[in-house]
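The same chain A turns up in both complexes below, where it pairs with chain B and then with chain C.
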Partner chain A sequence: MTAAPAGPVVDRAVLVVAVVALVAVLLVLAVALLSGRWWQRRAAAGRAQRVAPGRPLLVALAAGDDDDGTLLDRLATLPRAQWRALEPVAVAMLGKVRGDARTALVALLERRGVVQRALRDARHRRSTTRARAAHLLGLVGGPGATPRLAALLGDRDPEVRAVTARSLGRLGDPSAATPLVRALVRARPLPHQVVVPALARIGPASRTALLAAADHHDPTVRARVIEALGLVGAVDTAPRLVRALGEDPAVDVRLRAARALGRLGAPSAVGPLLAATGPDEPTALRVTAAQALGVLGARRAIPVLAGLVADPHHWVAHTAAAALVAVGPDGAAALRGLADAAPGGGADRPASAHAREALAAAPGAAAA
Partner chain B sequence: MTLLDLVSLVVVAANWCVLAYFVALNTSYLGLIALAVREFRHHLRRRPWAGVEDAYADPLTLGVSVVMPAYHEENTIVESVRAMLSLQHPRFEVVVVVDGSKDRTFEVLAQHFDLVEVPRVVPGDVPTRGAVRSVHAPRAAVPLVVVHTDNGGKASANNTGINAASHPLVCMVDADCVLDPDALLAMTRPFAEDPEHVVAAGGVVRAVNDSPVTAGRVTEVRMPRRWLARIQVVEYLRAFLLGRSGWSALGGLVVISGAFGVFRRDSVVEVGGFDLDTLGEDAELVVRLHRHLRTQRRRYRLVFLPEPVAWTEVPETVRVLGRQRRRWSRGLVETLWRHRAMIGNPRYGTVGMLALPFYVLFELLAPVVEIGGLVALALGLLLGAIDWTFAVLFFVVAVGYGIALSLVALVVEEFSFHRYRGWRDLAAALAATVVENLGYRQTTAWWRLRGLLDALLRRRAQWGQMTRVGFAASGPAADDVVGPVPASGPVLGPSEVVGDAR
Partner chain C sequence: MAMVLVADDDPDIRDVVVFKLQQSGHDVLVAEDGGEALSLARRALPDLAVLDVMMPRFTGLDVCRELRADPETAGIPVILLTARAQEGDIESGFAWGADDYVTKPFSPRELDSRVRAVLARRR
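Then we have the complex of A and B:
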């Protein structure tokens, strides 16, 4: 035997303690795993058992089979435990039905006090409870829902704010426009993808609030507001969008103004959009403007778009060709002229290739 | 003190160092798991009102092109494409790139989907190796494009798919993957919620072996029958699901699996697409995105979503698994070497100061330490520097912590996503946590070590070439990066410049 191990007694003691501790941890984890599985299965079975009696009644109610109100009465008087299991099913169903089915489900939720509870829960200290309340209020609506939701737009929790914005959009109440725009432009804004669809659902009633924010000092905010103006369909704001397209110092604002103008379909936008396809403009703006001209269906743009199909930049040419198809039969005719000019297409004749691709993508245009 | 005494002392010290290394490695993972748990809680709590289905009614929903490179997939390609075409999303297309397959991959596609050749100008936005032979589309109105190219390798096929994509987002998937039905809706959600900043989203990859798949859907999740695949279920859970979620929470996500990830097309074009010379092209692209955007001081985000899942067949034979791990290891070395300037560099924030050093210390060097530790233990016994009791205790501690970590991962899975529901599945998973640490880990360490050596031995040729490629020249200038115009949000990628990118 050679030298004794370095500090063997201490080393071994440390290792023994570590092994004992590890065995204890492993046992605890194994027990947690097994008991977790047992608990989950038991909970799922219990839930299924409690939902079973009420589910057929709920489905029948949503299907409009409650002519005499019996189903509603039976559901409204289900034992509390059964209703607690059934309530999420009813709420989920509410988001998928319209008309009488929706009215019947809302009546049930009101009878069970769910709506009143949601109005109360909108002030709950737990953020998940507030978010759930906001979600429910957006599905149910009714008196008091919009003001309560508008207040929740200022919630400290971003998730609650996002759910609230979606709920306000679902309700489509014009009085929500101003708080929603405020949520779009403040220092820590809500995601524009959450607010803008909500504003779009409210529609042109949002225009005043949006226009007031269109000159915001932050270009990111301006870009969002400009985009929203296009989506809410405020056609009379086209001059403001044209100004943004031509004069705004931020490229992103100009890009979104071009896209918004295409969406609005204002004839006054054709000239500024044609100017935005000029060779001195940023490539992204040229592409976006060409696409907007196609969406607008501006026949006046055909010569310019036909010229752009020969542009050396792939996406300018590709988008211009697609825009010509979108313009209509005259645009398609111009494309056929380009395609016939050099039938082989190929890398040396890109205009022809782009024209043939656009025509092939819209078979009706190719055949016309 | 004799020379032998000195050697014995060194061997004992080495053993303690190895043990300390494993404690540090597993504790780091434990920290990542804790962060992941916080993310999962948030994700699961918001699920009832996340509004994922709102995408259908939302005028701002961004279109996505699903890019599937296919090489020698004639037996599965039709089912895979049908599965992709049945995904839920209001605006998407599937772009299959048949990368010069010598089998009938293209022919079976053409026959089944009634493909016809279409005139299509595929731009050269990102570099490729395999020239485009032809582009095809179904006669019926199905959102499918098949690009037939010369063989250029997977990275080249990915890049061809990106070039052919007609939507502003690209979803890279492997041809043998099966996605959850709402995969596209969920994966494109972060781009909608933060369109000015999110450039990429990574998804979870799990093992599908022996789980029934019907009409492109995993109908029941089961543990695989073979032990090799079972162990990988636990491994994927710990390393991919929990590890990457943890890194995402820290803002240091550096790997988005090539099997399932969504990117802003323009951002990928801006950095030059997938690198054609790297084996780990998926991780390399993500690190390059970080490097480029950090260098430009732009505010951006890469996110990782614990749901939905891309289900993939994991290797079931030792030979295939060995090849895969050698490839991964070599890819990691190449990526880290190429971006070595980022490692420990505060300019690159969490990625430079935390994530990349972690990958060097605990991924790149792990097989060296693992194999070295086993050798040191054997040497210690041989020299009599340590006795058998000590050796066994030592080994049990090193392995036990690993088992505990895997068990923690299983517990987290049980209380969060709970995908494996049977008692037998649970028993198999429990046993797999033990087998993983007793044999599997040591074997994979050997393969990874060989991958590391592969990279080192070819250093001159490979790495010299990479140095010449040069990062700055890899893509076009940011203001010239244009692609399909998105229906909403910024037309260009992240542009907000921050004062201090750290």
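Then we have the complex of A and C:
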């Protein structure tokens, strides 16, 4: 008879201790969670209590009901504890109203020293405080706000830089254009989606600042600037973009110029974009140029795009077919001609397949 | 004096609009979302509705469409309050039968004038 293999020996006492410890930990966590919630509710109730006396005054001020300045005086002299609770409400309201209402709220924040504090807090060691200061300065504006915000564009914290860019866009001060462009092209750049809306709100000064950076020696910088010109919607910069598309030594810059020209929709871009689809050009550029011609809706490009549908390079042919659909009814008609040319096979088979695929992806075009 | 329905999920905006309209002598009904706005409008048949476009449950556009679809409420003028001053929103608003729109950030004084103008046109 053979003995059964011995299983792992578990000390019963150790098991009991482990279970008790686990239960204790769970209890501590539950107590911590409940007391945390209780504390939050208590703090919120306390805040609401402190806000309550001043909020109706603030609402009346924001509604523009303070012709004699009485409300402003009363709010400016509220006890500090009440004001501390009310201040975030006043700041939030500032972003929601304009006209007299906004002017009254700014006057209140100035009387309470909030604006001066924000100018100081822009240099605070805590990044959340700096970000809050940048947000407030963007809402209030006034003397000193733009230079202080421009300095914050170089902040070590990316969140602070992003808040600052948005604030500068909100202020729309032309003098912020150059610092914003610098933030777009430096070694640790701010993303386009943060900087471009700010530049777009600033307007013509942004174009000047972007154009000044468009001849930078570094192709990465040129590429970012060229892309921003398209995103900002600076139609009058189309000649500079056409030059970048035709002459820039860096393919990435040419590619972004093609994309920007498509976005801008400048008719003068059609010829240069057609040239960029030529067989000697880099494939990525040919594809982007074909796409841009579709975005432009250039009917003049139809014969060239139709020819490209038979291009030996799959990516080029596929994009040209999709671009024909984007051009509109005439482009779709050209595609239908290609699709019908060789339905069953033959030398034109790839072109026909690309055409049918593009038409299938746009049912309206297929049925037209 | 008219009865105006104000619907906005943002308490700050709601309170400012309500204050301004009450100050101008209107009776104001208040809703915190689109669903509440719709039921209040059906029940009280206000003279005008100021609706925020972006509200939970029903947007201002949904409420506007529902009001227009019901013969009882089809005649209530609507002013849309929208944070998005984009053509698409404005076009959709007018397509659903809105009478006017005000973009945020808004001027309470301007909103008050628009309310008066729309009410005057309907009388």
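By our rule, the second predicted complex is superposed on the first by the 214 of 368 C-alpha atoms of A that agree within 3 Å, B and C clash if a C-alpha of one lies under 4 Å from a C-alpha of the other, contacts with A are read in each partner's own complex, and residues count from 1 in each chain.
Assume a residue touches a chain if its C-beta (ideal position, glycine included) is under 8 Å from a C-beta of that chain, and two chains touch if they have at least 3 such contacts.
None of these values were measured; they are calculated from a predicted model.
Look at A:200: by the touch rule set out above, it reaches chain B but stays clear of chain C. Residue contacts after overlaying the shared chain place A:185 against neither chain B nor chain C.
Of the two partner chains, chain C is the only one touched by A:89; chain B is not. When the two complexes are superposed, the chain touching more residues of chain A, out of chain B and chain C, is B. Touch criterion met: A:25 reaches chain B, while chain C stays clear of it. Within the superposed three-chain model, A:78 lies out of touch with both chain B and chain C [touch as defined at top].
By the touch criterion defined above, A:320 reaches neither chain B nor chain C. Shared-chain residue A:165: touches no atom of chain B or chain C.
On chain A, the positions that touch chain B within their shared complex are 1-3, 5-6, 8, 11-12, 15-16, 18-19, 22-23, 25-26, 29-30, 32-34, 36-37, 40, 88, 128, 131-132, 134-135, 159, 162-163, 166, 191-194, 196-197, 200, 220, 223, 227, 231, 251-252, 255-256, 259, 282-284, 287-288, 291, 313-319, 345, 350, 353-354, 356-357, 360-361. Only residues 10, 12-13, 15-16, 19-20, 23, 104-110 of chain C touch chain A when the two sit together in their complex. Residues 1-2, 4-5, 8-9, 12-13, 16, 42, 45-46, 48-49, 51, 54, 57-60, 118-121, 123-125, 192-196, 383-387, 389-390, 393-394, 396-397, 400-401, 403-404, 407-408, 410-411, 414-415, 418, 423, 426, 430, 479-485, 488-492, 495-496 of chain B are the ones that touch chain A when the two sit in their complex.
Residues 55, 59-60, 62-65, 89, 92-93, 95-102 of chain A are the ones that touch chain C when the two sit in their complex.
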